[in-house]
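Below is one structure. I have some questions about it.
Letters are used for the chains, namely A, B, C, D and E, taken in the order the chains are written, and counting of residues starts over at 1 for each.
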Amino acid sequence: MTAEPILALREVTMTFPVRRGWLSRPAVLRAVAGVTLDVRPGEVLGIVGESGCGKTTLGRCIVGVHPPTSGRILLRPRDGGPLRDITRRDRALQAELARDIRMIFQDPFGSLNPRLTVFDIVAEPLRVHGEGGDRAALEDRVAAMLEKVGLRPDAMRRYPHAFSGGQRQRIGIARALILGPRIVVADEAVSALDVSVRAQILNLLQDLREEMGLTILFIGHDLGVVRAFCDRVAVMYCGELVEVAPAEELFRAPAHPYTEVLLSAVPEPDPRLRGQKRRIVLQGEVPDPLARPSGCVFHPRCPAAFDRCRNEAPELTSRGDGRAAACWRHEVVRSAA
Amino acid sequence: MTEGNHLASTRRAVLAGAMAMAAAPLMPRPVAAREVPSLAADVAAGRLPPLAERLPEEPLVVQPVERIGRYGGTWRAGLRGGGDTIGLIRMLGYEPLVAWDREWRNVVPHLATAWEVSDEARVYTFRLRRGVRWSDGKPFTAEDIAFVVNDLFAHPDWPGGAPTWLRSGGAGPRAEVVDAHTLRLVFRAPHGLLLQHLATGRGTELTMYQRAHCAQFHPATNPNVEQLVREGNHRNWVALFQARCGQVFTAQRWQPTIPTLNAWIPETPYTGATQVLNFRRNPFYWKVDPEGNQLPYLDRVSFRISDSVEDLTLRAMAGEIDMQDRHIATLANRAVFHDNRERGGYRFFEVVPDLYNAVALMLNQTHRDPVMRSVLGNREVRRALSHAINRREIIDAVFVGQGRPWGLGSRPESPLYQPGVGEAHTVFDRALANRLLDEAGLRNRDRQGFRLLPDGRRFSIEVMIIPAVRPEWGDAAEMIQRDWRQVGVELRIATIDRTLMEERRNRNEFDALIWEGSAGLGEALQPDHFLPSSWWSAFGIAWFRWVQSPTHPDAMEPPAHVKRQLALYDEMLRSADPAVQAERMKEIIRIASDQLYAIGIVLPPNGYGIVRNTFRNVPASMPGSWSWPHPGPVQTSQFFLA
Amino acid sequence: MSAAPLAPPVSSMADPLATASGWRLFWLRFRRHRVAFVSLWIVVALYGVAAFAEFLAPHPPDRTMGRYTYAPPQPFGLFWTDPTTGETAFRPHVDGYRVEIDPVALRRSFVPDATRPVDVCLFPRVEPYRLWGVVPLEHRLFGPCDPNDPFFLFGADRLGRDVLSRTIHGTRISLSVGLIGVALSLLLGIAIGGAAGYVGGALDAAVQRVSEVLRSLPTIPLWLGLAAALPREWDPLTIYFAITVLLSLIGWIELARVVRGRFLALRGEDFVLAARIEGMHPVRVVMRHMVPQVTSHVIATATLAIPAMILAETALSFLGLGLQPPLVSWGVLLQEAQNIRSVAAAPWLFLPGGAVVLAVLCLNFLGDGLRDAADPYDV
Amino acid sequence: MALFLLRRLGAMVATLVAISLIAFAVIELPPGDFATAYVAAMQANGVVMTEEEIAGLRAAYGLDGGLLERYAAWIWAILSRGDFGQSFEWRQPVSDLIWGRVGMSMVVELTALVVMWCVALPIGVYSAVRRYTVGDYAATLFGFLGLAVPNFLLALGLMYLSFRLTGSALSGLNDDRFIDAPWDAARIADFLAHLWAPVLVLATAGMAHLIRVLRANLLDELNKPYVVAARARGLPEGRLIWKYPVRVALNPLVSSIGLLLPTLISSSVVVGVVMSLPTAGPLLLRALMSQDTYLAGAFILLMGTLAILGTVISDLLLALVDPRVRHR
Amino acid sequence: MMSEHTGRDPVPQPLLRVEGLRVAFGPYEAVRGVDFSIAPGRVLCLVGESGCGKSVTARAVMRLVEPAGRVTAGRILWHGGESAEAMDLAALDSRGRDMRALRGPGMAMIFQEPMSALSPVHTIGEQLTEPMRLHLGLSRKAAEERAVDLLARVGIPNPRARLSAYAFQLSGGMRQRAMIAIALACSPKLLIADEPTTALDVTTQAQVLDLLAELVRELGMAMLFITHDLGVVAQLGDEVAVMYLGRIVERAPVFDLFDRPHHPYTQALLRSVPSLRGPRPRRLAAIEGLVPSLAALPPGCVFHPRCERAAAGLCDRDDPAETATADGLRTVRCHRVEAFAS
């Protein structure tokens, strides 16, 4: 389980200046606050949290949409050498990394250029990176890729609007995988899909992952899906990691109160659970990201908060069994153990 | 010495036209005049002295055009937006020392009742009308004019110094006050045309400043002027002076506070914010009708200020304008005005333009380019180009068939008219034109059929026109362009801004230009088309340079015929005798016509004006010019509403 | 996730729209706008007229017939009844004129006279001329069989020039002023607006400020000043281009605003993000992924800008600062007509105004249709 | 709000400086100066002026200084004393000339604005709600026709029509007899009797834009869930449309008032010239033509200022009517 | 929390009965013959994937699909009126007085995205009091008092201050609560909730669901709940109707449906929802193929191209009729329902 990480995040922080209208001076929004995380080769790491928790920003930092404000992002080179700092990227490096780290987007409608044919969309990475040779060769590769994601090769002549959401997501997957990457960041890749199609896409990703040896960062908010799909899960709240654990463990026995809350809120597709399931009702609202609470960010809503939580921020600490949580209560548990 | 006669003592004095003024000399001092009804109340209340005290001892008796009028009423007319001061001078401000008669034949007494001219036309002595009062009741004396000549024009700060028309030998005159009613102007060099110039619109500049009022703003007479300058936030005393006393062409002179000799006084200042400019009668006006009634007949004048000619036109058609030709009486409007005569209740009067031609195309005979100069300077080439034009067709198309083919020469109405001069070189004869051009060495043609200059370039003339001034020019130019194309000469039409046209003309960087042919009646006053006498002598700008200063780098020595003209003109200036002047001028014009200084197209048809049927004493015909600033010399004070 | 779709999804592989490109969809949506569709054809026809003006106009624009100044329009007829025999025959003609001269009003009045028909031919032989100054031709589309006969379907102006022919020739300049002006505006607008929208930040702020200043300035004074500043020694054609450039100097603002807004929105779109992550050159990102998205919208905005330019040209001409004769544009024609005399006695001189109205109207409808098709819910 | 105002004012001043620079540059751009224009105008009247006289004129007007120098002096006089300089043509302080005219312009333009809104609003709403009906097409056609007919043609036609029908020219804003009269009821009545024509011309020209934007905005809003939600609350249709989508669709228009103003000012120049109105346009045109630098400059500066003020006011209005703007 | 009302209870007299409802948008039928009924105090969940017509059905009940869409057939019988006679809403003018009078006091609706369903330029108070003053004839003051009560009831803290708040000033959860308060303004007999929690985070969703369940129980109103989330259905519904391509393919009390789904589509749907419990599946069960377009509906049973058990010559030819179980509590639209319903 403790394989060398393929990707490592060290204290990654991402802030945005926010101007709230004319009156106030620009405030700083900490979308991601000091995230440290190792991604192991070949695993599917789920990142979950409610909207605004910073999971998407974190994913975008990794693929290079914007460089983090501080912290480092490290990547193990293909040849397995020591970790390489890829925090700051010029265009050349970005282009180089685009072969290794790729992204699947949430919105199957917005992520495909409606003016280009499927061929143009899927072949674009090849062209940008100078691969694939002449048009015929490109077409062959695109056709092969399309078949791999479950589309007929003749789809390449059509435009995105001719496809349903699930099919479009397949096109997006084809674009992401055609260069043979090592890491794929799937940002809410199935959230916009209907249940029946969602399963198809997840299964497809599962197959491709096995076939291509991918490492997948699966960003999502549907805990059921995350449980079914991920090996390990990282829970985010207010830009911070509050818990990281193997999926089975996490769902069986959440270590962080927030994780508990999350799990308890998921409506289970079983009417018999009505009234049997312990529903933890959260106090108040998600804090304003511009006015982060002192101490533990979760303490104002935490059912189990005590004094220390209000004053000191707990670190994400590992318990040794592959589980880590940022909670004083967890700390207590750990020291007890 | 009776009114209207010259100073009889010196028989060497040249008789200037006063004799011709029909009724004036014979008119006895009118008596038993009635008080003006609209002023009666003021007189009765003692706010105004009675009529007898207001009228001069020797009022100017104006013979009405039709009949004795009656008092009352308003003259409504329109002004263009932007200081339309020229129009005001013409209609309300024509009160010079000496004036033109209604026929534009002679200079007649006006504010001056008599004058004497010395030998060589250097010294002029004027006898001023006795008892004339400014609108504030103060007497008008020789001091008023001396103030203008000596304290303003001769002052180093006065912009531009003396006006050009008043200069001779490069300088203005010195004014000597002989007595309160006798003024002497002493010139450095002969100034034979002074009387004529005095009778033009600009001549009024000498009689527009009341010394008593204006001296307040002059450093020579008011030591505290600097304080006024500061208080009024002016640049200098001149600016202060012009703001408070006005200047001939500025709107500021039309203020209620400035005393005037005019028939009507403005009620409010004329400014850019004015929408209607109203005048009321001057109770001290110094003219009477033969029955002794003080003029003007009309109590008020009301000028609507409009930026739109169409607006004025509609108002005229609607009968909201009593008498006017300025701005609205265009060729194109004639038909609509005609159609709306009944609706508007007006009639037409005729305006004979002071133009010998409506379209005068001047070729630059002193072109900077030697080849072009030799070609354009060739009289035969100019003849050819003139004969190549189908004037009849242009007249038909552009001038509604009105007017006849005309070159350069005085109008038939002019005293200087000479048969055959205006008609010279105007026959349409394409064959002749081609032959002349061939003979002039322009035989070779290019592929498009254009003739080539001796150095192989195409014979191509660019003509500068400003259709904004006269829309007909553009139309005519286009037709000339086609006609010349037929004889292998290219005409390129450059529609151009006026400022630029003048710059290029003055730098002598042009081939040709089109302007109107001035003058056709007052030739001697504006002789620039007949000999190189101003910047408007576009046929020979470099010759004009030479006249000004033979050493100027751009100057070119003129050929013999030009020198002959210059000599003739010089003779004219030395003699103040109208007969001599007429002979010299005729010869100058003959030479100009023979040399085709301008290729003319058409003798301009008579213009027109409209006048309400109830608005009387407007002559059926009058000249139209700035030299004879119509309708001023008609004496607008005798207009009345029937 | 957007609001629950009320209308059912209609696209599928079986649908004919499935293989349609974006442009084809654009076209299909556009065709639903009947008025805009008709307008399109009128605009195309107008530009056709502009292109083939020499051939289509029965006379050269500067041909004067001095005898027919202010001649009213002649009625056109296909059949002619001989008044003497009463026989009717197929004979395309216009009525000739009877001339009455009024010496006082200084005017000739023309009365169309049915007894003196002027025969009208297709492809009559005329004096040789050159189409576009290049192609030598000897025929025009239609005109009087005898070139010396009067033939004034729209009447004649003060020089006896055919108003129809002048209007047709005016089409060329008037429509191209709009087109070229808009093309220049487009260039400026896309470059400036695109840069502002893509780069954002300080550049965006600067562009915003500049365009705010320019938008705050009343345009007419600006145009007046600038038009007055043009060197008059330039030949009319150069002046024409200069005026066009002037018009476009104001026109780019709106386009830049549109482009900027779109670019700002597009910059956040996932497919642009995808291209950027690819490490693509920004210029390529812009050209391949952003520009095509805005084109249809920009075309629509540009179409809407053309009529504004046409109107601006006429307004400038009206104030005496636009194009000048001998160039023939609608503005110039209207400038010549803008007096009471024309309104009262020769209203046909305002027919070029009809052309302006038609062109502006159609271009506006067309632009509206294009915009709706480009983006049904965008202003 | 105060801070917002301050910032807005700061930006406004910067814009004004830019405008003054542009204004000055534009007027100085043409070849020649007032003296040449003046001489040319005199020439047209047959009055020939000599070089000396022209040189005298230049000196008298202070036209012999450098461009920047004159700009600096001009702007300094305005800022320090509110002195806009002297009009060359009228030899009068510019401020004496412009205020009345600018005031009159504002009256005409604002009335036109109000009329435009009053007519465009119902038409725009109607054609959006009854989209693709005969009424919609008619309204659109009407609006576009107003847009398509050049202003001066409309004005000219109106004037002639009035002349034919009433026998009097439809020009100016008052009968002659009222012009120097005090603003009593009779003059105001006469003023209103004149005002409608230029207002009509101006309003028809701008209406199409308003109708079109309103229609598009409204079409956008009509399908929004909050409209359906309001309908689901059982509101009567008419009240619902005016209260909800129209209200929202108007907001962007409110902010466009400021932008409409420069356009209106521009078109009122043309209308003012044709109909001979005592507004800023004709005097400005004259000033530009005669290169009366300070007068034209003051006009452009003032019009620009008013336009910018309009923008600021409409921004404030927007803040007033749109809580989303107000509360951020 | 709310286990009392189960599908096993005897069905009371329905409040609303929809029979053979068809809704068309242009040439396409989005709802192709739908029957269901709701009784007071009961929750009917309409489940289905996007585009199946569930939202259209809900809006058609309130006659809110016009003018884009049109109710082409069927009856919408409303038993909530004063008279014993049912009123056919489908026959009413959608914008007429009768229909309007029904909206608000009769039936009310809450929407998926409270942000866009609330007017951006009107205060919550204005939108909340408006229907009360319109339908109940309350004075402004009385309406405001009631509004404060309502806001408090739906769990909005500091309700009086919130009256003057705008939608954008509230958080997502609060907006939805406000939306619910507005819907409850006139104490409707039927509440239609169109995916009210889809746009919310799980924790907020849980709160809103609890609130709705509580309200139905307390106020005794009927609720038509539209959702695609079977988890939500399991928590809230008394009865479930599963829609596919404009038709209800299976309708049953909630326990029956989850215990023994009859229709193959329902079965597949249930299988494809990952659970937090039980063994972690290696793969999720997926329904193969795509939802056909309304423009090109397959012949026969529209589900047959994706159905594992479709019988050639039957399912691809004949449109299955609705069959009801003996107790009448359950209907299924499948040819082969006997073949697998155990």
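Everything below uses one rule, namely that a contact is a pair of C-beta atoms (placed from the backbone, for glycine too) under 8 Å apart; a residue touches a chain by one contact, two chains touch by 3 or more.
Fair warning: this is a prediction, and the values are worked out from it, not measured in the lab.
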Among the remaining chains, which ones contact both chain B and chain D?
C
Distance in touch steps, counted as few as possible, from chain B out to chain C:
1
Taking the mean of all protein CA atoms as the centre, name the chain whose own CA mean is closest to it.
D
Higher number of C-beta pairs in contact (C-D or A-C) found for C-D
Report, in whole Å, the distance between the mean C-alpha point of chain A and the mean C-alpha point of chain B.
91
How many angstrom between the C-alpha centroids of chain E and chain A?
33
I'd like the Å distance between the centres of chain A and chain D, where a centre is the mean of that chain's Cα atoms.
56
At which residue positions does chain E touch at least two other chains?
50, 59, 111-113, 116, 290
Could you list the positions in chain B whose residues touch two or more of the other chains?
310, 314, 317, 497, 500
Which residue numbers or ranges of chain C touch two or more of the other chains?
1, 3, 9, 11-12, 15, 228, 231, 338, 340, 344
Can you tell me which positions in chain B touch chain D when the two form their complex?
76, 81-83, 86, 158-161, 163-164, 201-202, 233, 235, 238-239, 242-243, 249-252, 267-268, 271-273, 275-276, 278, 302, 304, 306-308, 310-311, 314-315, 317-318, 320, 343, 354, 469, 497-500, 502-503, 518, 526, 528, 534, 536, 625-627
Chain A to chain C touching residues, read off their complex
63-65, 91-98, 102-103, 105-107, 110-117, 124-125, 128-129, 157-159, 161-162, 164, 175, 192
Contacts from chain D onto chain E in the complex sit at residues 224-226, 228-237, 243-244, 247-248, 251, 321-324, 327
Chain A partner contacts - residues on chain C that touch it in the complex:
1, 9, 11-13, 15, 17-22, 25, 269-271, 273-281, 288-289, 292-293
In the complex, the residues of chain A that touch chain E are 50-51, 164, 166-167, 194-200, 202-203, 206, 221-225, 227-228, 247-248, 251, 261-275, 279, 281-282, 285-286
